[in-house]
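Each of the next two complexes has chain A plus one more chain, namely chain B in the first and chain C in the second.
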Partner chain A sequence: GCRDWALRFQVSAALREGRVTPTELCQRCLSLIKSTKFLNAYITVAEETALKQAEESEKRYRNGQPLGALDGIPVAVKDNFNTAGIETTCASNMLKGYISPYNATVVQKLLDQGAVLLGKTNLDEFAMGSGSTDGVFGPVRNPWSYSRQYKEKSIPESHSKDEESNWVITGGSSGGSAAAVSSFTCFAALGSDTGGSTRNPAAHCGVVGLKPTYGLISRHGLIPLVNSMDVPGILTRCVDDAAVLLGSLAGHDPRDSTTIQDDFKPFELPSLTDVSKLSIGIPKEYDAPGLSSEIVALWSKAADLFRNAGAKVMEVSLPHTCYSIVCYHVLCTAEVASNMARFDGLEYGHRSAMNKSTESMYAATRREGFNDVVRGRILSGNYFLLKQNYENYFIKAQKVRRLIANDFVKVFRSGVDILLTPTTLSDAATYVEFIQEDNRTRSVQDDLLTQAVNMAGLPAINVPTALSERGLPVGLQFIGRSFQEKQLLTVAKWFEKQVKFPVIQLEEVKRHDLQDQKSASFS
Partner chain B sequence: QKVTVEVLDHLEHLALVDFRDAEGVERLQKAIQFADRLHEVNTDGVEPMDSVLEDRCLYLREDDVTEGNCTKELLKNAREKVEEYFVAPPGNIPLPKLGERETFLQGS
Partner chain C sequence: AVARGCGAVWRRARQCGAGGPAPRGQRAVACNGRGGAVPAGKSGLAPWVPVVGLEIHAQISSNSKLFSGSQVQFAAPPNSLVSFFDASLPGTLPVLNRRCVEAAVMTGLALNCSINKKSLFDRKHYFYADLPAGYQITQQRVPIAVNGSLTYSLCIDNKMSQMVTKTVRIKQIQLEQDSGKSLHDDTRSQTLVDLNRAGVGLMEVVMEPDMCCGEEAAAAVRELQLILQTLGSSQAVMAEGQLRVDANVSVHHPGEPYGVRTEVKNINSIRFLAKAVDYEIQRQIEELENGGTILNETRAFDSKLGCTVPMRDKEGKQDYRFMPEPNLPPLILYDAKSLPANMNHQQVINIDWIHERLPDLPSVKRARLVEQYGILPEHSFTLVNEDGLTEFFENVVNQTQMKPKKVIGWILKDLLSYLKQHSLTVKESPVSSFLLADLLNLLENKEISSTAAKQVLAELWKGEGKTPLEIVKEKKLELIQDQKELEQICQAVIDGQENEVIMVVLG
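Now for the complex of A and B:
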C-alpha cells in the first residue's frame, strides 16, 4: 500500500530485481500528478521527456547495468533551476516562456545518474516568500489539507463553506517541491534555501528538508536570490534518501567558484544506537515570540528523548539571533537589487512593447514582469546601497552577519555537536488566514527560526516529528557544523527512527490511483 | 524621517522599477524603519563579512576555452534579434524626468 512508497531504497531494490520497471514507476507518478492537480504543485510536467528517460533507464536495468541508486527514480525540480529544453519560470511573468538553454549542475548530475525528471515545481515568485502563495501560477496547496488526519480534526461549522476554504499552505518558498514529495508524486525533489525555503515547507508538509553547507553543492544554474546564502535544498520522505541525494549532488563544480574544492565522499548513514557521546545544544533564543505551545512541548520532548538515551543535552545561547531577520532583510534586498538587474527583456524573458529607449524599455519590462514583492525588494535594496546609506546599512548588516556566524562558531567550539530547534513557529496556516498579512510580514515571522543558519552557512535539516492538534505535520530542526553533514544526518536518522512520524492518509487520491499500486508489494 | 521625493525618483531611475502606488512607497518606509534596528547592535571592531567561505581561496582555472559556440541557443530566447545581434531600442536617452514619465511619484 501507501507506506511502501515511502522508502526509496525499497523501490531501488524493486527496480534492480525487476519487480517494477522504470516506465511503470514513471507512469504511476505522472498519473498521480494528474489526479493531484488541485494541489498546484507543478508548473510544468515534462511527460514526454520523462517517459523517454524512463525507457532509457529500463534498457539499462534489462542489461543489468543501472547507473546507480538514482537510476529510474522519478524526481521533481523547483522552477528556479535551469532545465535544458524545459520552461523555467521562477513563477514570474518575467520568465514565462523562457526555455533554459542549459541544465543547472545539480539537474545535470541527477540526469547523469539516470533520474527521471518529471517536471518543475511551483514556488513563490523568484523564491521570495514563505508560503508558496505569491507566484503567478497561484498558490500551492498542502497535501495534508486532504488527509484523513486533518479532516478528522476539522471542526465542522454549521454554516461552513465547503472544505475549499479550509486548505492549508505548504510554507515556502519551495512549497511545490515539498508538496510533490509529500503527495508521492516523486521520490525526491530539489528546492532552494536562502532563509529557510526548503526547511519551512518540509516542516509544513511532513517531509525531510535538508539545507546543505554553503559551498557543498553547486549553485550553477540556480537562478540566484542571495549569492552569499543560496543553496540547493533536498526534499525526501526519509533521511536515508536525503543522504543518497546529497551523495549524488555534492562536490566541487568548476562552474561555481563558491563551491569548495575539498574532495567529497558520498556516505551511507550508520544506524546509530548509542547517542551517549553526543552533545545536543538547545539555543534558548529559539524559544521565540509566537512559538506555539504545542511546538515548545514537542521540542522539549525531543530534548528529553536525547537525554534519556544518554546524550548530553544543554542549553546554549546564540545572542544575536534576534537580529538575523533584520540583517537578512538588508543583505537580501541588496543582493536582490543586484541579481534582478539582469532582467531587462533584451536577452531572455519578457520584453515590453515599449520601444522609445533602452531605459524606458527596461523600465516597462520590469514594471510588467515583476510582482509587488520582487519590486519592493529591489527598491529597498537599492535604497540600502545608495552611497549615503551603504556604510550604515549594507556594511553594518555585514558586520552583524559576522556576529551571528560567530555565535554558532562559539557554541560549536564549546563542545556541542548538534543544535536542536523548532523549524516553524506553528503548524501550517490556512490560506485564508495566511494572506491576511503581506508577504514581507509573513517572511519576517516565518524565517526567524531558519534564517540565521543561512547567515552562518551551516547545514541544517528538518525532520518530521509529530502531528499537531489540527492533524498537521510539525517538524524539528537539527543544525550541524560546517561540512559535517554525515554527523548531522546520522543524528537526524536516529531521531526519525524514534519518532515514527505517521504516513499521510490521502483521501481523494486513494480512490483513483493507489488502487493499482496496492498490488505491487515492494518489501 | 520620510524619504524625499527626490530620493524616490532617484531610486526609480537606479532600479528601473517603479513604486506603482502609495503602498509601494509605504513599503519602502517600513523597510527602512525595520532596517534601522540594526543600529542597536554594537559592531565596534567587527569586520564586515562578505562570505562564509572567506578563509578559503577561490578556485581559479586555466584560461582555456572549453565551451561556447552556442550563439543559436542563446539567441532563441530573445524577442528581438537581427542576425547574431540582440536588438535594443536607442540608448543614451535618459529616462524621462519626474513629471514627464508615467509614475505615481508625480502626484507627491
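Now for the complex of A and C:
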C-alpha cells in the first residue's frame, strides 16, 4: 500500500476524476513543508504563487481541459535554477535576495504544463559539495534520520541529545530536492548534476535520481557549475515519474546551443517481462577503495537478480576510471573560476560597501559573497588556467576526459546495454561525522562513482535498492548509452519492481498530514 | 611574394620638442617609398627600419548582437539595448548570430583568407567594469579566417600621379564580443557603465607587421574600410567607433631582429592613425638614439597634442587565462563539396554560396572605371575612395554628351576641391549631378565658354535653386554667335574708349 500513492497514475487519475483538487493537493504539500521545516529542504517556499497556480490548474480541470500529466502536480526546484519573481540564491550570500527576471527553460516548461511550483530547495553553495551541508542557509537533514526504520536500528533508546547528533546528511548538492521528494512534500523535484549532485542525494534519500544525457535537457537558466558537464537532474518517487518529467523537459532549446537539434519524443515505459536479451556490464573499477562491504554485497545481489532472470551479466573494464576524479577536479575548478567571474557586485547580487577603488570593491564583494569552498575552487581553477600551467593541467585533463569517455564507448560497443554500479560508497553519514572532513576531501570520495558519467555525458539513474544495516537507503546506479534514456529507464523500472524498496516511515511529521497526503492520491 | 614593408629606412629622429607636431616634410621623405638607406644621422648610427602592424576591430553591421537578440544601434539611450545575456545574468547562455558569421566569412573571402570550416570560441578573462561576465568570448585558438592579404595603393610625395601598390598580409580574422563603455566621473569619483555596446559583434582583423610608416598604415586601413563598406559587413565609421585601430610599432636596424614594440591605442581617425604611427616611430628612434630603451607598453594617441603617451597599465602584464567556451559548439561552415545533402539550408552556412554573391570590391570597381571611361588609374582611386563620388560621376556622365575624360576634371578639380574646402561630403553637395550635367552640356554645346561655366558653377554653389541656364541668362554669359552683334559690341567698346583708340592708332 503505502508506496502506491507515489505513482503518478494514481495522483493524476485522482486529479482527473476530481477525487482531489490541485488546490487541496497544493495545500497539503504546503502544510507538510511546514511540518518538516526542520529538514531545511526548502530555502524559499512560494506559497502564494503556488496556490495561485493550483487555482489556475483547478479551473482547467473543472473545464475538462487539463494540460497533461503534470497539471496540478506540486513540484520543487533546486535553488540554482532561475525562477522569475521567486528568489534564486544558490545558497550563497552572493545571491541572497536576488530575484531573477526570467525562468529557466526547465522551470518554464514545468509551468507551461501546469505544474505547481512550491518553492526552491536547499543545496551546497553554488552546488559545490556532496553533502548539502555547505550552503549559507545551513545543512539539509535527511528525512530518513527521522524514520522509524533508522531509529529502530541505529538509535535504540536514544534520548533527545543523542538524537540531535544522530541525524544524517542528504548527500548533495541537490540535497534539498532529494529531501523534499523523500519527505512527500512534493511529487517531483529538479536538481542539477555535474559530478553526481542528483544521483548522490537520491541514493542517500531513497528516491529516484535521473541524470539525463548531456544536451537532452536545456541548461538555460541553470546557474552553471561546470557548463560542459551540468545537466538538470530529475528526482522522483519512482522511475515512471522520472520518465514523465523527462518527457516534459527534454528537447531542443534555441536558448541553449548545446541541446540536441532533434525533437524529443516523450515515451511511456513498458513493463519488461523478459530481460534475457539484456546485457548488463559490471565495471570492475567501481569496486573502489572505500566501498562498504554492505554495498558490495548489494551490488552483487543485484547482478544476480539480472543473471537469474536470464540477462547476460559480465564484468567489464573502464580502465581510466581511477584518473577520473583528479581530471574532474581540474576541469571543474577551471570552469568554476571562469563562471564565477561575473559575480563582481556590479550588475546584480551582493556588493560590498568597500569603495576605495573598483578593484578593492571587487575583492571585498567576492570575499564576502562566496564561502571558502567556492573561493578555494576559484583559486585552483585560475591556477590551472594560467598560461604556464594550461598545458600541464587543463589540456591534460581534457585528454584524460576523452580517454574516460572512450572507455564507455568501447564497453557499449562491445555489446553491453547497461552498466550497473553502486551510486555511493556507503549509506549516509551523520552530519557530525561528515563535517570531520573538508568539502574537497568529501567531494573526492563522494563523486568517485558518479562523475565519470558526467565526463562522458552519459545518462545514469539512481534506483533506491534496499536499506542498510543502519536502516538507511542505499541505491544502485544504472548507466546507459548516450540518448538511450528509454532503454535505461525501462531496465531501471524492471529493477525497481524487483527490489521493492520500502517506503519511509516518517514519525516526526504529524501523522494526519501524511495520512491526508496519502489518501489524496490513491483512495 | 608579399611585399615586406616599403623599404624606406628612417634616420635620426626629429628635433622638435615633446608633444609638438612633427614637421610634415620630414615624414613624407621618410616614407616616400623610393627605398635606399638614408645616410646615418649625426650620431653616426646605422639607419632605422620602422615596422608597423595593425589590429583592427570592425563592428559588424547587424540588427542584433553576436550572441544575443539585443538590437545594435549607435547613440541609443544608455543601457536601453541590454539583454539578460549582455548583462551576464547568471544562467544565460550565448547563441551565435548567423548574420555575424556570414559577415565575417564575406570579409574573410574579400581579404583572400582561407575560411576555417571549423572554428572555435574561447573565453578571455579579465575584470573590468564594462565587461559584465568577467570574460570576453573571442576566437583565440582557431579563428574563422586566416592567411589573407590586402592590396592597397598610396601616392608618393603626395602626388596623385605617382602611386605605388602594396600588399599587407592578413594573419587572421576572429569573431568576438565588444565590451560596454565606462564613463569615469572623477569629480564624484564614480564610474558609469553603459552596456549598449556590450556583446556587439566584432571582427578583429590582424594585419602582419608589413607596413613601415603612418601613410602606409592609413592607406591600408582606408582600403579595408572601403572593402567593409562595399560588403556591408561593417559600416566602418571610425568616428562612431565602428572601426577601431590599434597600431603595433617598433624600430630596428637593418639585418637585426625586430625591436621591442609598443601598442598605440585611442586612434579615432585615419588621419590620426598616420600621425600616431609616425610620431611613435620618431619617438622610438629618438629614445633609442639617446641611449634609452623601448618598453613593451600600451600608449594612447593624444590627438590634441599630436603625440602618444603611456597608458595607465593595469599592474603589469595580464594573464587572460584563456579557456574554451563550453556553451558554444564548434562553428562548422560548409562549402559546396562538404554540404550534407539532408541538411536544412537555413541551418548551415555555405562558403561558396557567399563567395558567389560577393559584390564588386573597390579594386574591381576602379579597374572597371578605368576601362569603361578611359580615365587615369589615380582618378579611379579618388572616385572610389570618396564615398558617393563614383555614383555622382557616373550620373553626370550619363546625362551629358561630354566625354568622361573631360567630366572627371570637373569632378575632381571643381566639385571635390569645393567640397573639401567646405568640409562637405558628396551627398551634401549643393550642386547635384543633374545641375552639373546641365552646366557641362551648355559648355559642351558651346553655349558658354569654360570661363563662364566656372562663373555659373560659382553661382550654383550658393544653392539658390536656379538652373545653370537661368544663371547664364541672368548674367548674360552666353557665347555670342551672331557676327553683327559681335561687331556692334566691339564698336561700342571702341567708341567708349576714344583716347585709348587714338593712342593705339598713333602707336
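By definition in this document, the second predicted complex is superposed on the first by the 501 of 523 C-alpha atoms of A that agree within 3 Å, B and C clash if a C-alpha of one lies under 4 Å from a C-alpha of the other, contacts with A are read in each partner's own complex, and residues count from 1 in each chain.
Note that in this section contacts are C-beta pairs under 8 Å (C-beta built on N, C-alpha and C of every residue); 3 or more make two chains touch, one makes a residue touch a chain.
What you see is a predicted model, and the numbers here were worked out from it, not measured in a lab.
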First, second, both or neither for A:342, with chain B first and chain C second: second
Contacts of A:228 with chain B and chain C, given as first, second, both or neither: both
Partner chain in contact with A:358 - chain B first, chain C second, else both or neither: both
First, second, both or neither for A:329, with chain B first and chain C second: first
Touching partner for A:214 - first (chain B), second (chain C), both, neither: first
Partner chain in contact with A:397 - chain B first, chain C second, else both or neither: first
Dominant toucher of chain A (residue count), chain B or chain C: B
Partner chain in contact with A:459 - chain B first, chain C second, else both or neither: neither
A:101 touches, of chain B and chain C: first, second, both or neither? both
Partner chain(s) touched by A:175 [first = chain B, second = chain C, both, neither]: neither
Touching both chain C and chain B, counted on chain A across the two superposed complexes: 101, 228, 254, 257-258, 261, 337, 344, 346-348, 358-359, 362, 382, 386
Residue ranges of chain A touching chain B (in the complex, touch as defined): 98-99, 101, 214-215, 228, 252, 254, 257-261, 320, 323, 326-327, 329-330, 333, 337, 344-349, 351, 354-363, 366-367, 370, 372, 375-376, 378-380, 382-384, 386, 392-393, 395-403, 405, 440, 444, 456-457, 482
Complex contacts: residues of chain A adjacent to chain C: 81-82, 88, 90, 95, 100-102, 104, 219-224, 226-228, 254-258, 261, 334-335, 337-338, 340-344, 346-348, 358-359, 362, 382, 385-387, 390, 394
Residue ranges of chain C touching chain A (in the complex, touch as defined): 84, 87-96, 123, 125, 127, 129, 132-135, 191, 193, 319, 321-323, 326-329, 347
Chain A-touching residues of chain B, taken from the complex the two chains share: 3, 7, 10-12, 14-20, 23-24, 27-28, 30-32, 34-35, 37-41, 43, 46-53, 56, 58-59, 61, 70, 73-74, 76-80, 86, 88-91, 93-96, 101
